[in-house]
Each structure stands twice: as C-alpha cells, then as structure tokens.
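In the two assemblies presented below, chain A is common to both, partnered first by chain B and then by chain C.
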Partner chain A sequence: MTSVRIAGVGMTPFDSHPERTGRELFGSASNEAIDDSNVPRGDIDALFYGNFMGAFAEGQNHQGPLMADAAGLSVPATRFESACTSSGVAVREAVSKIRGGEADVLLVGGMERMTNEPTSFVTEALATAGDELYEGRAGMTFPGAYALMANAYFAEHGATRADLAEIAVKNHAHALENELAQYQREISVDDVLEAPLVADPIGVYDASPITDGASAAVLVSDEYARERDLDAPVSITGTGQGTDQLALQDRASLTRTPAAERAAEEAYADASIGPDDVDLAEVHDCFTIAEVLALESLGFYDRGTGYQAARDGETTRDGDLPVNLSGGLKAKGHPVGATGTAQIVELTKLLRGDHVNSDAVSDAETAITHNAGGTVASVTVHVLEVVA
Partner chain B sequence: MSEPRTAFDSFVDALAAGEGYFLECSNGHASLPPRHVCPDCGDASLERRSLPERGEVESHTIIRVPAPQFEADAPYPLAIASFGPVRLTGRLENVDPDGGDVEVGLPVAVDVRETDDHRFVVFTPQ
Partner chain C sequence: MTSVRIAGVGMTPFDSHPERTGRELFGSASNEAIDDSNVPRGDIDALFYGNFMGAFAEGQNHQGPLMADAAGLSVPATRFESACTSSGVAVREAVSKIRGGEADVLLVGGMERMTNEPTSFVTEALATAGDELYEGRAGMTFPGAYALMANAYFAEHGATRADLAEIAVKNHAHALENELAQYQREISVDDVLEAPLVADPIGVYDASPITDGASAAVLVSDEYARERDLDAPVSITGTGQGTDQLALQDRASLTRTPAAERAAEEAYADASIGPDDVDLAEVHDCFTIAEVLALESLGFYDRGTGYQAARDGETTRDGDLPVNLSGGLKAKGHPVGATGTAQIVELTKLLRGDHVNSDAVSDAETAITHNAGGTVASVTVHVLEVVA
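Presenting the complex of A and B:
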C-alpha cells in the first residue's frame, strides 16, 4: 500500500483568541504548514477542511472557499463535518485521494472558534452532536452523555473519580512545556476532585476546555516526496473509520465504543501492525473517561482495566506507552474541528524530533491517533510511522 | 393549533397516554420511531409492540450546566433506562436532587412532562 507522507505541519496556539476570526486562525495554521513543507503553493491540488459549529459561533457555513482563500489557494475546497472528528475525517479522505492517485499534494486542516460565545451557548452547540429528538429534548448535554458512560463504567468495573483524575493530572503534566497548549500548569488529584461538577461524576477538571484554534498539514504522495527530495520522514500508513448509532440509548453497551474498535481494527490492518507495535498515542480525551474507553477500544487494555493506566504510570511520559504527550484535549485544548489534524501535527513533531516532548520518545517509530465525534458515534484512527 | 405532528410527536403522545410502544422487525430486532427500516437488518416490516410498563435505570447523572433553554430547570437528574429491548433517555422525578438515592438498576415508570416551551420524557421510581 502506498504510504502518504506528511510534508509539513502547522498549528496556532490553542487558547482564547478573542481578536482573531476563524479565517485568521486557519490562515495562520495553514501558512505555517505550507512553509514547513517546502512545497510550492501552486502544487497544492485541493483543501480538505474540518469545522463543526461555524454556523453557531460565527454565523458562517460554507467555510471551504473561505479557508482556501485564507490559505492563499484557489483550488477545490470542501468542508467536512463529523462533530469533534471533523478534521479527522478530512485527513482520512485526503489520504484516500492521494493513495488513489487522484492528487499528489493536499492541504488538510480544521478550525474552531468557541470562546467568543458564552458557555451555555457552546453547551447548546455541542449538544447538537447528539440525537436531537431523544437526547437534546430531554436536556442531555455533551458532558452529560459522557457522565452517563462514566457512571455505567463505574458500576460495571469499579473505577472511581480518583482513577479518572489521574488522567487529567497526567495530561496537564505533559503540557507543561508545550507552548501551543491552552493550560501549561500542573494540577493535583485533589484539584480535580474538588472542582465544581458539570454533570456528575464529571467535574470541570475532567473536561477539556472551550478553545479557539486551527491546525493544518500538507500531505503528499511518496512519489512526489521523492521527486522533490522533500524532508518528510513521517508517513500515514494506516487509516480507519467507524460509525455507531448517534444516540447513546441505542447502543448495545454504554461502556464500549465499538465504532472505535472497528476504526482501530481497520487502521491496524491497513498499516500491517497491531497494538503491540505502537510506541505512543494521541487519543480523544474530551473527558477523562473518554481516554479510558479509547485505550480499551484501541486494544491497549482489556475491557474494564483502562482506568488503571494513568494511575499506574503506564501512559505517562516515562511509561511504556505515553498517551497524549501533547497534553491531550484536556490540557492542550479542544477547538473541536481542529482537533483531528492537531493530533497529526503533534505526533509528526514528536516522531520527527522537533517537539518539546520528543526526548521522551526518542526511539519511537510508530504512533496512533484516535479522534472521536459525539459520544463516539464517529471515529477516525490513523497510524503514523517513521519511514525514512 | 394545527401544527404538523411528526412521528416522534405521536410517539411522545403515546408515552404520555400510557400507551408507549417500540418497533419490532420480522427478525425480532427492536428500535424506536421514526423508522422506515430496521436499523439492524434493513427489514421494512416494522410492527408496534407495547413498551413494558416498568423500566430499569442503566445509568444516571445530574446536569448542572445545561443548554440555555433548560437553565431554569438546572440542576436536574437525567437517566438512560431500559424498557425491555429498548432504552429511553429522560429526566428523573421524585428523587433526591443530588441523586443520592439513585442507583443503577432502580425500577422506574415512564411519563411525559410539558412546560411552556418543551415536552420531555420523565422517569419515576417504582
């Protein structure tokens, strides 16, 4: 299978950017990615772009052409929407297009602007990623849905809030030196446990923050990279996508995410690797419980045991399988439409050796992303490998 | 009032009247309306079956930060409860507002509440 090279990556700081509109954020991230790639702008064939709530936040749909313009491109441009995996889906479609020989150079990315609206408004916008009839009308919120998954997990497997708190503590510790991260400060288990509750048992510190930001990457075919003699040592060697029923109530289990299991299985097979080959992962920890479910669905932990990973130091910086060395969504921030490509950006730098945390994984060759939309009704998984 | 009624509205009407139902395809898969086909197998033959009167809480939470339209109600307990082969999402009524007396497995009945702005499913402990 042809691999797809990551020629360049770029990302704005994930933070509150009240002075920058969406087009400015994406213009900045995409320009950085194009500069990093050394690919002439004119060689870019198309833009695959992810955004979730532009109509809510900026009264702006139809962002494909707007963002092509912001990137200085006049090429076919399409916006993908799959809630929090909007740009994950954009990456997957771009990989498929390059592999199929229909394009040699594609710009992928995503952007979300969220902090310009009050929390209650963002809560409403995020809730639209669930089932409007059966969940939205009952007053379900996005943290509420994950709270239902967490309580069901607690009842089934005996995990506690303190176990989940270890995940938030770990991801904050990972982000300490990451200048692109929204939170660069240490927190303790007590801080997490004493923070106000959003939806029991999920507290403020169990949840990823509301964030503005954009991310982008330039993907090229192997052939193009060779011809241009590009310095692009990291490839996307596997891609997978899974879908589940939108409403949590319709799932066979509240404590499993089969869409992620299917996406992982497909991505592993595509890259001809298995979970044991993975050296590090960036997973979708929109809430602490989400990281637990991700670790189990990616095959790193048996069902009902993933909650022990952070507590036992296995997924920390010095552990066997560092997870969310960027700080994850929890500490890096979660501008939803930008998160999928941001995972690619962070892992590319970690594998290339130019990330502030690269020294923690200096021998790493294989990494995986897990990017989930809604309550894991949409998932994309990508395998990244150092190939040269 | 002659606003168009959707299939979902009719379903909630039936719940409110104590005549809740679910759909069953000819292969025995259960689902909730509106449906053209069974989500499990695509079978287009869907028959109404009575919803069991008693359900069981499968998980619960307390929503403390709601969307703007529910701000007056917050905090409110919310649950997913199973009724035979299907599950519903609704508010819990007649329970401790801090959820102290709610446990997985709590038996509940289903009903519907209506306010000025919206109508929603509720569960009452049995």
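Presenting the complex of A and C:
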C-alpha cells in the first residue's frame, strides 16, 4: 500500500467575499494548490470536492463540473456532501483511492459561500445538517443544539462559561497574524462573557462565524512524488471516519461524541500512533464546547476534563499541545464545505514551517485533524506526518 | 486487483409515495438488497449514498447518517451528489474502493423524493443541476435545454419528433409488466405527438416523470463472495466517468456528449470489451433525445443515426440490443438520486434471470449502464458481466 503525500496546498482568505462567485473562489484556491505542488495539470486524475449548501447559497447543485473547470481541469469531478465535514470526506476518499492504486494524483478541496444570504437564511440552511423531521421542525438550530450539549456538559462536569471563553480567546490569539483568517483581533474572556447570548450558554463569541472561502490540496502517491522528485515532506498516514445518529435525541449521551471516537481510533490505528505522539491539532470548534468534546474524543483528555485545556494554557500557542494554531473555525472562519481541506492546508503549512505560527511548533512532526458534520454525526480524522 | 460482485439488489416501486419519508424509502430498498445478498449486516464496511435535491424536497442535507440508520447500520456513511448521476458516482467510487482493497463489502444506493413539492418547484430544483449563473438566471430549465439539443440534432441529422416518439413508445412497452415501474401503460406514437408540448420539440411523453423512490445494491470483493460462497453471478467489470462543461453554451456541439464518450471509452477499456460485446443496456433517457445521444456516445450507433434505433426495432424487447428493458427513466420513473443504482438493480435482475423482462434476453451475459447528470455534464458508465 502506497502512502499519500501532500504535494501542494492553497486557500483563499476566509472572509466575506461579496464580489466573488463560488467558482472564482475555488479556482483561486485550487490554482494556488496546483502551483504549490509543481504537478502538471495533465497528471491530475480527478477532482474530489466538498460543498454543503450551494443549493441554497447560489442555487447551484452539481458543482463538480463547474469546479473542475474553475481549476482548469477536464477530469472526472465528484462532489461530496457530509455537512461541515464535506471536504473532510473528500480527503478521506482521495486518500483511499490513491492508497488502493486507483489514482496517482488527485485534487481535493471544498468551497462555501455563505455571506451573500441573510443570517437567518443561513441559519436555516445550516439546520438542514440536522434531522429535519425530529429537530428542524421543532425549531432546533445549531447554536441551540450545541447549547444543549454545553449545558449537559456543565451539569455533568462542572465547567463554566468562563472555561469555554478561554477557548475563544486562545483561537483569536492564534489567528492574530494569520492573514487568511477572518478575524485578526485579540479578545478577552470578558468580551466573550459580556457578548450577547445566541442560545444560552452559547454567546456570540462562542460561535464560529459565517464565512466565504475555498481550500484545496494536491494529493499524490509516494511513488509519484519520488518519480517526479517533488518536495512534499508531509504525508497523510492515517484516516478515520465515524457516523452517529443524526438526531441528538437518539443518542445515549449529549456529552460524548462516539462518531469522533471511532474516527480517531481508526485513524490512530491506521497511522500506528496514539494521542501521545501528536504534536499539534486542528479541531472542529464550530462552538467552543465542540473543541472540548473534540479534545476528549481524540484521547488528549479524559472525559470531563477537556474544558481545562485552554484555561490552563495547554492548548495555546506555547502549550504542550497547540490546538487550532490557524485560529480554528472560531477565528479563521468556517466556510462549511472548505473547512475540512483547510485543516489539511493549515497543518501542512505548520509542519512544513511556512505558516505564520510555525515557529511555535518548529519541532512538530505529527499532527491531527478533527472535522465534524452536524452535531458530530459525521466525523473525519486525519493524521499528518513529516516523512523523510 | 479484485473484481467486484453484486451480491444483492433492491428497490422500492418508483411512484408517487406521499405517505413515505425519504428514510423509509431508502430503508426499504436497502433492507431488500441486504436480504437478497445474504451478507451479514456486520460485514458491511460503509454506505455510499446518492441524493440530489434533499435540501429542497425535505429540507434535509447530510443524509448519510440518516440513511445508514435506516439501513440498520452504524458505519461510515458518505453522500455523493452529481445531479442525476449521484448514485452512479457512488457506485463508481464503491467499485474503486473494493478493487483497491480498501473495503470488502459496501452498501451503495440512492433516494429521491420529488412528488411532495409542486411541479414548478421541482423544475426549479432540477435547474440547479445546470449552470445557475449562465443558464438558470436566463430562465433555462432542463426541458428547455434538451429541446435545444433536440432541435440541433433535428437540424443536423434530419430526425423528427416521430422518431423520438418511438423511444417513448418502446420504453412504455418495456415497463408494461414491470410492477416497480411508475407507468405500466402502453402508449402510441400518436399519443406522444398529440400530447402537449413542454418545450418544443419536447412533449409531455418525451420527458421522464417526477418520481419518488430508492434503490440499493450490496457490492463485495470477489474474495469475499468466494469465502462466503455467495450466489452472486453478476460482476461489475468496468467503470468510467466523464465530466464536461456545465453550461451548454461552453460546448463545441449540442449534439455530442463527450463526457459520455469518455466514460464509455474508459469503461470498455476497463472491462476489456467493446460495444459489439454488449447484449443489453440501461441508458439515461431523461428525455427521448437523451436516449439517442446515449446510444451514439456508447458506440452502438454512428453519430446522427441513433434516432433510427427504436423506430427500426433494434432496441426494442425483441431487437438485437434491447435498451431500457426496465422501462427506462421514461416509464420506470426517475427519482434522480436513485436512478444510477436502479440501473444496476435492473441489469442485475435481467442478467440473473429474475426480471420480468429477462426472457427477452435469456442468453445475455454483458450489459452496460449510462447515467448522466445535468445536460450530460457528468456521466458514469458501468459494465456488468455474468462471471462464472
């Protein structure tokens, strides 16, 4: 089985881009990734592409052919949709296809436009990632669902809003100099606590923003990288995927995310590593409580203790396990379909040493992504390693 | 490289099902496929699932976890969307994953609910499979787009509405006894010609209907089938995928479908066969003109001659190359996301000898699918063979 190397990465600034279409955003990210890879366009076998709400945001389903064209390719193009892990799933299947010898070079990526519609419309569009029949019709939105999870977590483990606020503060601090991040602005715990509540205990600063953006990566087989003498030091050495009941009401616990646990277990076994081997992580902090659950499901913290991580400085830039050095979904932004590949982009840059925050982790060799859809009903986890 | 066997198939009646949710439809089809396969549920590695317009029809994106649950599975579930070839793409990637040794047993399938919304709404939803910016905003709908293609074909090759009518008549005749088909009713050429026009020259009977339905198949590696001593005589021996410009205006010709030509070329080469080896076909006759273009792109007819096939009785039940013995999209129905897998279901039954129309092709050993999205911007082609 071949290993899979990341030959090139690219992403647009994550921001509000009212003047740019989805195809233009993805064209920009993918062209950057292809240029970065030094792979000739003609060698690319297919495009695996993630998008969540194009049907709503641009009246545009069937984006595969459009995005292949935007990337200057006329190759088979396939769209994956798995809510906020749409491009995470695209990465997973691309890795699988290259490993199985079914392709040598794949362009993977994702795009989302969200700011061109009113926030209330976007909130409703996002709610289609939950169970329409048993959640949507009852008025459940994602801030509401994560509020339930946060309140349950508070009741079980004694965490407070101030603990969660530390996560937002950390991720804003990480994004401070990341020019691709939506918010490059420091915030304080007081800012978080004093901000308006969206759904108690989730306040405005506990939630990731609405964002436009695209991200892309060129994945190649190890053999291809060697033959072409590519400079591609980072490999994807582990992949995992987990699925859970879509509706919260069908789950045994509101404070555990078994889909993430299964995805992590599979990815660790696949890469033959464990949580102790990981030097840095990009996790799916769509809400601050989500980062806590991610840290626990990835095995970094025992159940009920993950909320202490940011507060105690362990997951900050100078901590033992920096988490979301990109700024995370919270401060980097969260254009849903682009988030999975964006985590790959950020970690590749961090491990290669060309990310703005690379100096914080100059010895890092092993990193992990955690990308979740819905209320963690779909999860992909990927292990990235520097391989000689 | 292992070959891929079809261990079991299932589908709901294609019809209007106002009382059934999408999850119930898919649960029904997938349970039938799993029962038919004799594969224990615990052996299924993942679900690859196709759906096109759930965001519109049921306010439900992120259907993967929902459909895994409906099938009684808690395995990774991935949704593919590629317009009307959404489940065709799911089949292709499932075949690839099993061949590459990345999975042994996969459930593939698709579902669409369409009749629960007004026709005008469905027409708009379907239009999101075209280019929103350059076609949708100009008022282009799919009957309109295929009308342009039909008129161009008439002008170039001298075909008439009466020639196309023969295709509708044939496909209705094929569906006559197929109890899973939406229309089990004979029609005449005059019926077609006298029916109201939707978009000149496309009349009501030139167009496939709006349909609810689901379909599924269990795909296994050859090794798995042997170990378990499964009765699975039909294999998928070739797969091809092609992509074209999404907008008609960007193409060199309105009467050729290069994405289908590329997909066919790849699938034939993959299976080491040619058009002359094919005994029967299920092709994407979303409109009658689409069946003509399909026959030409698959290499069965020279360019500009495919319109004669049904008229001359060559693609009818008793012809040399029966096409759409299921009734095709025209008479069997076209629940978009379910159509790709439904073609696999129908051909498997025809080749196994347990389809209502199997007696027409009792010696058939090789069959082909042609499943197209948009105005043939995305195409998957699969070769099925009876393998000892």
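Following the convention adopted for this analysis, the second predicted complex is superposed on the first by the 387 of 388 C-alpha atoms of A that agree within 3 Å, B and C clash if a C-alpha of one lies under 4 Å from a C-alpha of the other, contacts with A are read in each partner's own complex, and residues count from 1 in each chain.
We adopt the following convention: a contact is a pair of C-beta atoms (placed from the backbone, for glycine too) under 8 Å apart; a residue touches a chain by one contact, two chains touch by 3 or more.
Just so you know, these numbers come straight off a predicted model, no measurement behind them.
Participant: Between chain B and chain C, which one contacts more residues of chain A in the superposed model?
Facilitator: Looking at chain A, the partner in contact with more of its residues is C.
Participant: Quick one: classify A:102 as touching chain B (first), chain C (second), both or neither.
Facilitator: second
Participant: Have a look at where A:133 lands relative to chain B and chain C in the superposition and call it first, second, both or neither.
Facilitator: A:133: touches chain B and chain C.
Participant: Output check: A:31 vs chain B and chain C. Expected answer is one of first, second, both, neither. What do you get?
Facilitator: neither
Participant: Looking at A:147 after the superposition, I want to know if it touches chain B, chain C, both of them or none. Which is it: first, second, both, neither?
Facilitator: A:147 sits against chain B, while chain C stays out of touch.
Participant: Looking at the overlay, does A:308 come into contact with chain B only (first), chain C only (second), both, or neither?
Facilitator: neither
Participant: Where does A:16 make contact in the superposed view: on chain B (first), on chain C (second), on both, or on neither?
Facilitator: neither
Participant: So, A:55: does it touch chain B (first), chain C (second), both, or neither?
Facilitator: second
Participant: Applying the document's definition of touch, where does A:80 land relative to chain B and chain C: first, second, both, or neither?
Facilitator: So A:80 only meets chain C here.
Participant: For A:123, decide between first (touching chain B), second (touching chain C), both and neither.
Facilitator: first
Participant: Shared contact residues on chain A for chain B and chain C?
Facilitator: 127, 133, 136, 245, 250
Participant: If we count contacts the way the header does, which residues on chain B are in touch with chain A in the complex?
Facilitator: Contact set of chain B toward chain A: 8, 31-32, 39, 58-71, 73, 76, 78-80, 86-91, 99, 104, 118-121.
Participant: Which of the residues in chain A end up touching chain B in this complex?
Facilitator: Result: residues 119-121, 123-124, 127, 133-141, 143-144, 147-149, 151-152, 155, 196-202, 245, 247-250, 254 of chain A touch chain B.
Participant: State the interface residues of chain C toward chain A in the complex, per the touch definition above.
Facilitator: Per the stated touch rule, the residues are 1, 21, 23, 46, 52-53, 55-56, 58-62, 64-66, 68-69, 74-83, 89, 93, 96-97, 99-102, 125, 127-133, 136, 241-246, 250, 373-374, 377-378.
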